[in-house]
Every structure is written in structure tokens, then in C-alpha cells.
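Structures are listed in the sections that come next.
Across the two complexes that follow, chain A remains constant while its partner is chain B and subsequently chain C.
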Partner chain A sequence: MKKKILVIDDDLNVSDYLASLFQDKGYQVSVAGNVKEGIKLAKAQHPDLITLDIEMPGEWGPRFYRQLSQEPDLKNIPVIVISGLSGHQYAVVKAVASLSKPFDREELLKIVDGILN
Partner chain B sequence: MFKKILFATSATPASDYAARVAFNMSKEYSAQLNIFHVLGVPSRGFSQVVVDVKTKEKVSVDEEYLFGVTEEIKAYYAKYLDKGLDHTIDVAVGFPAREILRQAKDTQPDLIILGGSTGDEEDSVYKKVSAGSTLQKVAKSAPCPVMAVNRPAASFWGGMSNILFGTDFSKTSDKAFDFAVKLAKAMDCELHVFHALDITGLQSGKLTDQDEIEQKIREALRKIRARYQPRLKELKNYSMDVWEGIPFIEIVKYARDKHADLIVMAHHSKRRPDELDRLGGNVEQVIVRAGCPVLSVNK
Partner chain C sequence: MAKQVLLIDRDKDHADALTLYIRLKLYDAVISTSNEQTVLFLDNHALDIIIANPFATPETCQYLLTFKETNPRVQIIITAPKSDLDEAMDLFGLNALDYLDLPINSRALDLALARAGTQTSLLTRMDRYTGRLEDLHHARNLFNQLFEEVPCYISVQDRNLRITAANRRFKRDFGSLVGGFCYEVYKHRSSPCRECPVAATFSDGKSHTTEEIVTSKNGKQYNVLTQTAPIRNGDGKIAQVMEMSTNITQIRQLQDHLVSLGLMLGSMSHGVKGMLTALDGGIYQLEAGLYQKDDKRMHLAFGQIKNMADKIKKMVLEILYYAKSRELQYETIKVEKMTGHVVATLTPLAQKHGIKFLVSIAPDLGTIEVDPQWMEATLINFLENAVDACLFDRNKKNHQVSFTVEKKSRTDICFRIQDNGIGMDAETRNKMFSLFFTSKGSQGTGLGLFIAHRVIKYHGGTVHVDSRPGDGSQFTICIPFQKPENARIMEPPAKEKG
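Presenting the complex of A and B:
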């Protein structure tokens, strides 16, 4: 069964790129453009991994993480922060990794493969 | 709730994280933002020669220099100002704390936002273990609440929904509580009332008996209920907790546990006169360590 990745990013260019990157590696990908949509998809699909942008319209990424961590079924899903904001590595304390935009695709895939396989 | 915000900035990386919060708050609450920068300290008396806060060089203040600094601030914050924010930029010469307080007195903001100390940019043994002297002086005497954003982790603003109010049951804490309730009501936030039982003093010379600690926790919880619960009932969501340990550490831990967006505390009150300003006070330590902005109320 394919491992599922949820990409949360309001920038369509980034989310499309991430989706194609993960799909090429054989993962099943779903995309959310904001926190509300992200929570909805996380509850419906129980992904194996989430990539999370920080600055998004409305609620920001750390708010998503808070809501996620309050759901017993979802709180242990690993989260990778991918953001262009300075200091993003401090945004989600329990994130498994934090990458700056523009990120190195090989580095990201290595982290993802390490977590999911 | 916030109509006028005074953002006091050095326009250096030390203020970047506070800037992120200040600009986001202004946008979110449609507040007028006054960006205020103190150029530097006069080298002597009323001299127009100042030591520039950023470059540490002596410069002569004239209209051209003032214009240049204002343009520099505009350029530094261009990515935020492009978004059509209602803002003004003011610059002044003098000691930063004194000028910020003067500006607050003149413009009557609802909130002052301050960043980390410029001293944090240098190698210093005090780095990250003490709040800057400007912040301490402003927080102590400001006519309105002062929000401090010291760590990068405290800058991930995305609105407010979860407020932690830390109390030591002092009178100033009661004022801070009034403000926290007002804020929680206006912003429809959950409010967590928290007291950290200080067991560091209890332990001097002997290990404190656990029964004694738990008895003190129960007493503190009763005190919280008696003192704050009648007003808390005005809110949809609230909680009350007491943890034991080193107060500022427990407050930071509790805020992390509750995913607080904001910590509200009194500025403060129970400090002994002999305590060093530089390292004293739970609120200063919380400011330095918290993963969210800290709002201090002094009157």
C-alpha cells in the first residue's frame, strides 16, 4: 500500500512541485492550501507524513500543528516544516525536520524516505 | 482591541522577529502602526552629535540624516509596508528607553511592541539569559501593556486564540489578569490561568517533602478559584493550573504544553531591591525563553 503524504502550502507552485516530486517516488499525495483544509484532509486520510508551510493566509502553520497535536489519532504524524520565513526552524518544536525555501530536492527526499521507509 | 500600536525598533536583525509580530498584528486588527526608531544617544548634553545605535559611529544629526534614516527604515521593512498598512515612521534622538516612553506618552498607543536587545547580536555571556535594558525600563514604566518578542520562536504569529496568564497573586498580577480577561473576551480566546509554585526556596538545605508540595499546590489552586474564577466565568473556555518548580521555567513549559499564542504577566512587583536588574524577575526570564510573545502589564 502506498504511503500517504499531505502537503500544506498556500503557494500552488510549491505544492504542485512537492506533489510531483513525491508522486514520482511512488507516494500518494494530497494537497491543502490552508490550515482548515489541512486539518480536514488529515482527519479524513490519516497521512503518514505532512509537509507544512508556515506563513499562510488566515491561520499559520504552527496553529495547524497545535490542532493536529490535540487529535489523539493524528498527533504522532511526523511533520516537516518547509518555509521561506527566517527562523522557521523554531516554529514547530516537534517537527522532524525544517527546510528553507528554496529547498534541495535530494535532501528533502532523503528525509522523507528516511521517515517513511 | 488594538487600535494604535507603537513598534519600537532598532531596525536591525534584533528587531526582526518583533517586526513580524507587529506588522501582522497591525494588519490583523486594522491597527495604526507607529514605527519608532531612536537614532542614538547624544555624545554630550544637547549635542547634535549622536552615537548611532546601529553603526556605533558618531554622526551629526541634521535634516538630511533624519531623512536618510527614515528612508532606510522604509527600505528595511519594505516587504511589510508594501501591503498598504496604515503606518507612520518617527525617529528621535536620545536614550532609547526614555524616548520610547516619551513617544508612548505623546501618541497614547494601546500596545508597545519591542524586540530583543541589540546586545544579543554581539558575543556576550548575557546573551539569551537576560532581557535588554531598554525592554526592562520600558516594561517597568510604560503607560500601556508592553509586548516583548525576544526569540525567533516567539514570532510565529497567526492570530491569537490561546492565552496564558501567569500569576503570583500580587496586586499587579490582578491588573494583568483584568487585561488578560479583556483580551480573551475581545479575541474569543481560551484563557489558561497558571501559577508556578516556587520550590527553589523551599529546598534550601533540605529536600521538600512531597506532601508539603502537594498541600501548597492545593492551596494555590483554591486561591486561583477564589480570586479569578468569578471573572473567568465570563469566558467560554478557560482552565486553571498550578505546577511546582522554578517559576519561569514552569511558565515556559506550560505555555508550550498549551500551545499558547501569548503569555500575559505582571511586571513586577515581587522583586527584592537587592536583586540584580539584569537577571532578576520571572517576567524577564519568561520573555527571554518563551516560544510566544510575552505581554507585561505594569499598572
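Presenting the complex of A and C:
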């Protein structure tokens, strides 16, 4: 069964990119453009991994992570932060990895592979 | 030091006796009994008093008169036989201090010597005072020059905060209002400032430094750095306070500009990183498409790369515009030509997104005096935002943007841009022209509308916004046909003229 990745980013260009990247590697990908949508999809699909942007309209990334952590069956889903903000590594301290935009494609795929396989 | 006395007398015995007497009176005395000696003594000795018989030799009288002319401080006591005294008085007049007949009365001689001493002291003191007066005059001139010419504002206030003196620069910018209250003259207030540095100096006698904003007689505001200093009277009490202010307006403006540049770059770095990531995405799609020989994917990828390159170019140009604060270059251009360029730029964009673009340009609009490059960019900016508003709106099936151009009056023209896109809430409407504010997330620079609004203002124009969430927006931009008098312009380089 394909591993599922949930991509959360308000920038369509970035989320399309991540979706194509992960799909080409054989993962099943769903995309959310904000925290509310992200929580909804996380609850519905129980992804194996979540990539999370920090700066989004409305609620921001760390808020998503807090809400995720309060769900007993979601709190252990690994989260990779992918953000253009400086200091992003401090935004979600329990993230398994934190990458800066523009990210290194190979590095990201290596991290994802290490988590999921 | 003992006073130096020269005795001129042909009668040596008489002169010797006199010398003895004078030395007993604690004077230093020398004798001349010939012309040669007289000349020697007059040329080489520092003399205070000369006791002389002017008729000792035929030349003595002339020597003495010439000497007195060049040494007015030396006192001359004439001794002569009674029969010669009248002639001596005629010759010497006031050049001699006293006239004593022979034989000399010792009492008279004592009085004459005492008078000579007093006169010499008086003259010495007068010289000293004159010298000091000259120094004072010189110092006063120097001070006046410094006061008037120093490149800062100087005013002097009394305890009631009335201006008692002001330098040229102060008078030039704030008026010659000596006697006026300082808070009225350059703060345009009716009461003293709360934390007045002048009052503080009167209170504690110390110098105080503050930064103030002052208003010139023409209504211009300046940032100044002010320092006060107490001026004390002879009793040591503070009689007045001097206020010295340096105009730092340009420094503050530069500082503000640098701070906002810094803020801008900080806030834009996130947006730039998003764009670069999207560009990476396009390149990835292109690589994948080439590898999979997927034409559709490659075609999409090219579109994405081009789109991102355009956005990055626009952002860089906006940064450069803001960093450079370029002045406007005015030209007279046909309205039809300018709006034609705008329509030509927007039409393909609207078509690409399936948005109806309605254009209505009134006939016979004639010419307009604008910076065409920036005015066209401004109108395109508003129209592109209208397209974006339609794209962000998921509720309506059909979207349209309209662009209407018509005369508002004989002197003004209006450009109306309307869309039925997502619309704006009150917060967005209030902040839309603010620096760094964007409703487009990482896609926006926060500079576009700020710059557009600034361009309209510099053209002497106005923007009216009407918008409601869900209903769309209407922008009405009105500018004068003629360049306003206070237009910010830059002369084109000489080679471009004509």
C-alpha cells in the first residue's frame, strides 16, 4: 500500500511542486492550503507524513502542530517543516526535520525516504 | 622698578647736584651735558622722566619735541631761568608736564616728579585698558561672526522663554521674532512645551540635549537636535539660556528610508524564497517531463517557469524602484496612446484566465502630462490586482474586469477599474496602500499598491476605493491633465532633450 503524505502550504506553486515530487516517487499525496483544511484532511486520511509550511493566512504552522498533537491518533505523525521564514527551525521544535525554502530536492527525498521506508 | 630720569643741563655741577637729590628720592638718574649724550640717552634708554633745560644747546629743544612725539608717555619737566620760561612754555605747551624756574625749588621738584609718576601710571593704565578694549572689540566681532554664521539655529531665551537674540539662520527660517515666546515662534504652540530643555537648564544650570520637531515660518517641519547652555551674569546667576539646534531632518529621512529598506528586504525574503521554490518546481516538472517524454507536463512546466520569472522580475523592479526613490519624468502623451498600452498588456492576461475584459475609453480625451512609464505601470498594477481578485474568488463562475476612462472635469481625467472578484474587507481596504501590506500571501511584495498610490499622489491625483467582501471592487483614479505646480520631477539628461 502506498504511503500517504499530506502537504500543507498556502502557495499553490509550492504545494503542486511537492505533490509532483512525492507522487513521482510513488507516494499518495493530498494537499491543504491552510490549517483548518490540514486538520480536516489529517483526521480523514491519517497520513504517514506531513510537510508543513509556517507562514500561512489565518492560523499558522505551529498552531496546526499544536492541534495535531492534541489528537491521540494523530500526534505521532512525523512532521517536516518546509518554510521560507528565518528561524523556522524553532517554530515546531518537535518536527522531525526543518528545511528552508528553496529546499534541496534530494535532501528532502532522502529525509522522507528515511522516515517512510 | 625705579623710574628712569634723564637730566639735560650744560652746567655739570648743577646737574650732579640735581642727580644726587633725585637719587635720594629713589629714582635712577643719568646726566647729559652734550648733544651727543642727549641723543645717545634718548635713543637707547627706557626713560620715564626727562628734566631738561631746553636751551642747554640750540638743538636740545628740537630733540625733546621730536622725542615727545614718538614717546608720549615720557614726562618732560622743563627747567629754565625765569626769563626763558615764557619762551619754553610757548615752545612746549602741553608737551611738558611742568615748568620750574632756576634755581629749582626742591619742593616744586618733588611735586613735579610726583605728578610725572602719577601721569605715567595713568597713561600705562589707559594703554592697558585700550588694549583690553581692542581685544574685547575683536572678541565681540568674532563672537558675532560665529553667532551669525554658524550652520545651526541659535536663540537666546530669558526666564520667561522670550527670545532675546537669534542668529541669522534662525531668523531666516523662523522669522525675526526677537521678543516672541520660543514655543510660539518655532513650535507654534500657545503654551510652553512639557519637557522644555531651556526651562530645565534654568532650573539646574546644566546643559540639556533633546530631539525636537520644529515648524518654520513657512510651515515646514524639521527634526532638530537641540542643546542648551546657561548664560550667567556677573553675579554667577543664570540670566539667559542659549539654545543651539542642528537640523537633522535629512539624516532622519535617510534613517527612515534605510529602516524601511531593511524591513522591506526582511519581509520580502519570505516571498522571494517562495518564488524561488516555485521556480525550482517548474524546473523539476520540466526535467520530469523530458525524462517521461510527457509533452503536456513540459508545456505546463514552461508556463510555470515563465510565470515565476515574470514575478521575480517584477519584484526586483519594485525593490529597485523603492530603494532608488526615483523622481518622475514628465511627458505630454495622448491619453489614447497611454491607455492603449495598458489595454494591450492586460488583454492576454485576462484571456488566459478566462476573464472578460471590458474597455470603455471616451473619445477626444486629448493629451495628458504624466510620467508615462510609471502611470501605465500604476494602471496595470490595479488591473492585475483586479484579475487576481477574480482568480481568488471561487464563488462566481463568470468573472469580469472593466476599465473605463473619461473626463471628470475640464482639468481632470478619471480611470475606473472594476472587478467582480473576491472583494476586500475593511481591514484590507484601510491598509491596502500601506508599505509591505499584501493580501496575496507569499505572492505579494507589499510594494505594488504602495508604489502605485505614491505615483498617483505625485501626479497630484487621488484614488477612491469601493469594495465589499464577495462583491468585488472599484478603484477610481483621478489625476489632472496638467502636471501640478508642486510636481516632483527630474529633468531628463541633456542629450534626450528636443
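Of note:
As a convention for this text, the second predicted complex is superposed on the first by the 117 of 117 C-alpha atoms of A that agree within 3 Å, B and C clash if a C-alpha of one lies under 4 Å from a C-alpha of the other, contacts with A are read in each partner's own complex, and residues count from 1 in each chain.
We adopt the following convention: contacts are C-beta pairs under 8 Å (C-beta built on N, C-alpha and C of every residue); 3 or more make two chains touch, one makes a residue touch a chain.
Treat the numbers as computed from the prediction; the structure is a model and nothing was measured.
Aligning the two structures on chain A places chain B and chain C in clashing positions.
Contacts of A:Y17 after superposition: chain C is touched, whereas chain B is not reached. Shared-chain residue A:D113: touches no atom of chain B or chain C. Contacts of A:E71 after superposition: neither chain B nor chain C is touched. Contacts of A:G84 after superposition on the shared chain: chain C is touched, whereas chain B is not. Between chain B and chain C, C contacts the larger number of chain A residues.
When the two complexes are overlaid on their common chain A, residue A:P62 makes contact with chain B while staying clear of chain C. Of the two partner chains placed by superposition, only chain C is touched by A:S100; chain B is not.
Under the contact criterion defined above, the residues of chain A that touch both chain B in one complex and chain C in the other are 85-86. Residues 54, 58-63, 65-66, 69, 85-87, 90-91, 93 of chain A are the ones touching chain B in the complex. The touching residues of chain B, when paired with chain A in their complex, are 16-17, 20, 151-153, 155-159, 161-162, 256, 259, 291. Taken together, the chain C residues at the contact with chain A in this complex read 269-274, 276-282, 284-285, 288, 304, 308, 441-443. Contact residues of chain A toward chain C in the complex are 10-11, 13-14, 16-18, 20-21, 24, 55-57, 84-86, 100-103, 105.
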